[in-house]
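These are the structures, in structure tokens.
Each of the next two complexes has chain A plus one other chain: chain B in the first, chain C in the second.
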Partner chain A sequence: MAEVVAERRKHLPVKKDAPPRRRRRHWRAYLYLFPTLVIIGAFVYYPIVESFRLSLNRVAPFGGTEIFVGLDNYTRLLTSAEFWNNVEVSMWFMVGAVPVGIALAVAIALLLSYPVRRLAWAHRMLIFVPVVISSAVAGVLFRWLYNPVVGHINTWLEFFGIQGPQWLTSRTWALFAVTVAVVWRQLGFNVIIALAGLQQIDESYYEAAKVDGAGVWDRIRYITLPLLSPTLFFLVVVNVIISLQAFGEIDILTQGGPGQATENLVYSVFVDAFVGTRLRGFASAQAFLLALMIIAVSFIQFRGFRKRVHYQ
Partner chain B sequence: MTVVDQAVTEPFAAEKTPDRAFGEPRRWGDFPLHASLFFIGLAISMPIFVAFFTSFTPLGQILADSNSIWSPPWTLRNYVTAWTATPFGRFMVNSFIQTGVITIAQVLFSILAAFAFAVFRFPGRSALFALVLGSLMVPFELTFIPNFVLISNLGWANTYQGLTVPFLASAFGVFMLRQFFMSLPRDLYDAAKIDGASDWYYLWRVAVPLSRGAIAAFTIFSFLGAWNQYLWPLVITNEETMRTAQIGIRFFLVNQERATDWGAIMAGAVIVMLPTLLVFLVAQKQLVKGIAMTGLKG
Partner chain C sequence: MRRTRYWTGVLVAMALVASACDGGTTEATDAPTTGDQGAATTAAPGDTAAEEPGDAITIEFWHAMADDLGQVVEDLVDQYNESQDEVFVNATFQGSYDDTYNALLAAFEAGTAPNITQNFDLAAQTMFDTGRLVPAYTLMEEGEADEFLPAVREYYSDEDGMVAMAFNSSTPIVYYNVDMFEAAGLEPPPGDWDFSTFLEYCEALEASGVEFCVTFGTVGWYFEQILANSGGLYFNNNNGRTDRATEVQFNEGQGVEVFEFLTGLIADGHAPNLGNTWTDTDSVFFAEEAAMIFDSTAGARGFQDNAGFPVSTAFIPHSDSSERNGVVIGGAALWLIDSGDNEINRAAWDFMRFMASTDPQVQWHTGTGYFPVRADLQESPPAELESFWDENPNFRTAMEQLATTRTELDDGSKNYAVLGGRAGPFPEIRRILTETYSAVLDEGMSPQEALDQAAVRANQALADYNAFFEG
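This part shows the complex of A and B:
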């Protein structure tokens, strides 16, 4: 009998701390993860590889015949004036939207952080509301406001004796007009983040400064802004990414026009891949370069927050 | 949209409104602050008010003088036009189906995955979690062309599957809910196991009820994100009957015959933003708290 038991023992796993139940639980963990992993694998990771592959091919508009062309799409891209125009538009967009959007948000958040007795909820509601508006609706609302003849912006300007321009069809103003719409939609989000940052600053700093006789502006300059710098840094990164990704407002307000005055990289990827001749390989190369820019910015953010810019 | 905030691990003090940079509150001194905040709020929400009032004003009056929208007569005609001139009812149904499926799936699958990452110990756990988290850094611009090709090859262009399947999981949801599941004491889990509860029972009867707030916040994000989607529904649908409301309103505007019927266009815009505005009115606190905690929206 004992011999039989000993014989059987030989075949049992030696690890004592890993009873069979554990293995069954591993199997179950993968089951819980299964839907998420499948979706993310199929619609995020596989497309990265596929996108890169497409960018090395010339893809026929219909039927999808592919010819391997190596880096040809990239060289064509980097030597085309159109691409650099789109890069320039994206950059101007960023330069216009990011500092203004953040400065406005911080100013408004400072006002909101002041204690008021009543109606705080009403102020917040009116200020936060753009946060739930879609890019499509924002585009539609501003297209109406920008209407050169009866739009409210020009009729209000007229009230002050100013003749408003043809906002969306003027080469000078179209990019500015689109930037305003994007800044508007992003404002609620920025104020919420800035306000949360302000509320994390310990009160004792202000009290100490007051005892030392620091005025309102000194307190903002030497306490609020330095201590808010992690939040500001976060806002800069998020806003850079969002401004690089602006699409809906452009599609509805100007469709990249007039000419290509508001055609940023995202819009150009969309046009090349889905409108007209459908150059999917060429579009993928552009998407890849754009994505590299965005990932670089995200990466800076991920690293930056390990270190914190300036923390209390 | 794909970034995680430092504040994740820190509490959000929304209700704390102590003395700030501006000095002592004085009762009579509140007025200028109230006035400036109210003015700023009005300026910011003005585009929405303009859309709202324009949508109730007869077209002739709008085009004669757009500032006449602020006073009666008002009418519901624009809503009738918007609803009958385009299949707007169909667009809304499509949007509700698309949003409903995405929201339910994202919440459900995120709960499951977050629970597995937070509670189970298994080989490859940190690698898989890094993989999920890393997907937050991948911009949509990079993936949407191959996804379009894939979905088209599956024959899912112009279907609800095509609108929803790529978004059924949410890396952000997994990340956010994992944080909350991990904050539950491990002893609670061990006690439940000793009492003979299965993992499944513990998840749904203990962990989920205790994380109601986080799940509610994520549900709101998920709903808003899905409802407000633009680029994907634009490329994956080209039949009018499969358009979502956001895309419907785009074609309303692009369609030359209707492009100057601003009353009806604004009525359409109001209908499209109404569900999100309602969510905002009802759940403003959770929404704001969620954004402040995670630095993310939809």
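This part shows the complex of A and C:
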């Protein structure tokens, strides 16, 4: 487009006394963009560039000293068991949280959209409340639920004669327990979005289907889900990113433990960059690999979903 | 006309954005202080601005004491500001130790460093290595260092003398449920008890129907402290105190014995596995599910007030194959950052000396539970302190545990075990050790194997850190 405009401009007569209107408009456009560009530049682009530079250095935790190490941070990461463990945890998190979270959300939205319409506002509020709760508060709540000795879950299990597991301190259960907390807090948002999607679907499709004798399940399978696919696509993209960036619950519930069983990449970046002994270069390299991972996953999603999304 | 109004709008909007931007960057780098330039002429924020600083030298003091502790700090700062008119101290709460240190690093780059900052024990070597400190010994008078408790003095010293001033010091201690001990027919634990004696108490308690003998978080601190109490070294080169530490030693001798004990308590069901926590253990202890708890002396007041049963205290145990050595003084210290101006440095030191003087130390101890750092308060405590200890006997145990710590061995040489480890990446290594509990409890490794594995990672961390000082 820009080339075409430039090409056409060549043929225009140039008046020296009056500046061309177009250019002036451009100038104004940049003026309006200026505040945004300054903010994005200072808080997004500059940190990205700086963080890449840091990832090529070993940065002293006491400040002021850096050793250029080239790609050493990256090669160390790619050959370390800890890093691959963190990648694996991130992936399990995504695989565990996204499908379950969305399936639950759609199921609840379907239930909400049919009966007891008069109480719908109360339902919606109840469902949405967890979203407004900060992850720190949610984390503390779940800590109480999960406590193996005085927690609610194990007390109730014991009531039914079941010996509850060590939710947060056994390798088998910790990741599951943290995933549940994240899914719970994210659920309200997902339900509201799914509900909005359901309400977009025209009643006439259902009426036509009913006339043709389609049952409830058929209507969901052949009308609701296909027409909901743009919403589902949106939910998948958002939930994948949220699950890959899960942090608050991990920090409060397990701090990445036991061992490194719940330490995902984001948590590892945080610990290396800002806690205890600061390894800023190492953390920056991890942040870059995490970004690459998210880009790759998003790319696969857009590729895979493009043909399966139906727009009305 | 329309145009003018329009442009005015744009300018106002830009001004708003610019000021918002400015606020943002100030907070990120300089934190919410008025900075070097502003504070001298304008009133400082918060209630420390009781009076106009006037011509006084303004000292920026960053601390990490929240809530009630922070209030005691503010009170002491106010007292100092009112007591004289040459120095005005502007105290700013910076969040956690980590937040405070992150702010400090940013402030070094921005040239807005405070004059005094608080940082925690394990960060000592990193603070030394910033190269921005004024060591306290350069400002002290002859013999002034002797006013401090030996453990306090030595912890923050280098070969030339005391570098930082210990401020909020605490050590670990065993709290126990007196009712449960009596129900099990047990005497109060002896002052000097080894692992076997500890386990005998456990058997007796559990036989009397107690669910868990003890509860503790798998934080690195208890391992470090019980190792010190057993006379074991964490790092080579005398715990990193005679030269930079190049290797850890916790996977040899005492370290293995101590780690076997701690992981064994959990593996054998004497303690619940609550993970890396400081709070869940409290719930278990308060719910009377465990008879003992390892925690910090700073929590003595809280345990006494919040438990629905009488709480008493005992020293931490040591390994069977060792004598009792004592505890490492932990907590945090005040560090004097070089402002480049001798007069300002002296003013900052004057404030630090005030904080270490008798009255503020008594207030500090009674108000927070942190140790008084002065030797004379322990040798000849004022009546006020005596009556405080009579009301809160658990603080007396805490003081005694520290006072009876052997900072010197029988031959007069330093007991490096209880002086505490020192290494640049100590916080990282502590984290590695915390993760190591899981290798034993979940993966079934032996304590020796798990510690060996941790040692490899820890030694790599040491090598990386030391590489900054090569060539």
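Just so we're on the same page, the second predicted complex is superposed on the first by the 259 of 312 C-alpha atoms of A that agree within 3 Å, B and C clash if a C-alpha of one lies under 4 Å from a C-alpha of the other, contacts with A are read in each partner's own complex, and residues count from 1 in each chain.
To be clear about the criterion, contacts are C-beta pairs under 8 Å (C-beta built on N, C-alpha and C of every residue); 3 or more make two chains touch, one makes a residue touch a chain.
Note that this is a predicted model, so its numbers are computed, not measured.
A.B. asks: Once the shared chain is lined up, is A:T254 touching chain B (first), chain C (second), both, or neither of them?
C.D. replies: Once the two structures are laid over each other on A, A:T254 reaches chain C alone.
A.B. asks: Quick check on the superposed pair: does A:P61 touch chain B, chain C, both, or neither? Answer first, second, both or neither.
C.D. replies: In the superposition, A:P61 touches chain C alone.
A.B. asks: Look at A:V269 in the shared chain and tell me whether it touches chain B only, chain C only, both, or neither; answer first, second, both or neither.
C.D. replies: Only chain B is touched by A:V269; chain C is not.
A.B. asks: Please indicate which partner A:A196 is in contact with in the superposed arrangement: first for chain B, second for chain C, both, or neither.
C.D. replies: A:A196 contacts chain B only, not chain C.
A.B. asks: Could you tell me if A:N85 is touching chain B, chain C, both of them or neither one (first, second, both, neither)?
C.D. replies: neither
A.B. asks: Examine A:R143 and indicate which partner it touches, taking first as chain B and second as chain C; both and neither are also allowed.
C.D. replies: both
A.B. asks: Is A:I39 in contact with chain B, with chain C, with both, or with neither (first, second, both, neither)?
C.D. replies: Both: A:I39 reaches chain B and chain C.
A.B. asks: Does chain A have more residues touched by chain B or by chain C?
C.D. replies: The partner making contact with more of chain A's residues is B.
A.B. asks: Considering only the touch criterion stated at the top, classify A:S229 as touching first (chain B), second (chain C), both, or neither.
C.D. replies: Neither partner.
A.B. asks: Enumerate the residues of chain A that count as touching chain B in its complex and touching chain C in the other.
C.D. replies: Touching chain B in the first complex and chain C in the second, residues 32, 35, 38-39, 42-43, 64, 143, 147, 150, 274 of chain A appear in both lists.
A.B. asks: What residues of chain C sit close enough to touch chain A in their complex?
C.D. replies: Going by the criterion above, the answer is residues 10, 13-14, 17-18, 21, 24-25, 98, 102, 105, 108-109, 122, 126-127, 129-131, 211-212, 218, 272-276, 279-280, 283-284, 287, 289-290, 424-431, 434-439, 441-443, 461, 464-465, 467-468.
A.B. asks: Would you pull the chain B residues touching chain A in the complex into a rising list?
C.D. replies: The contact residues of chain B facing chain A are 1-7, 10, 12-14, 16-23, 25, 27, 30, 33-34, 36-38, 40-42, 44-45, 47-48, 50-51, 54, 62-63, 65-67, 105, 109-110, 112-113, 115-117, 120, 122-123, 125, 128, 131-132, 135, 137-150, 165-169, 171, 174, 199, 224, 227-231, 234-235, 246-247, 249-250, 253, 262, 265-266, 268-269, 272-273, 276-277, 279-281, 284, 287-288, 291-293, 295, 297.
A.B. asks: Can you name the residues of chain A that touch chain B in the complex?
C.D. replies: 25-26, 28-30, 32-33, 35-40, 42-48, 50-51, 54, 64, 108, 110-117, 119-145, 147, 150-152, 155, 184, 187-189, 192-193, 195-200, 203, 206-207, 210, 216, 219-220, 223-224, 230, 234, 237-238, 241-242, 245, 247-248, 251-252, 265-266, 269-270, 273-274, 280, 283-284, 287-288, 290-291, 294-295, 298-299, 301-302, 305, 308
A.B. asks: Quick check on the complex: what are the chain A residues that touch chain C?
C.D. replies: Checking each residue of chain A against chain C gives 31-32, 34-35, 38-39, 42-43, 58, 60-65, 67, 143, 147-150, 166, 168-171, 254-255, 257-261, 271, 274-279.
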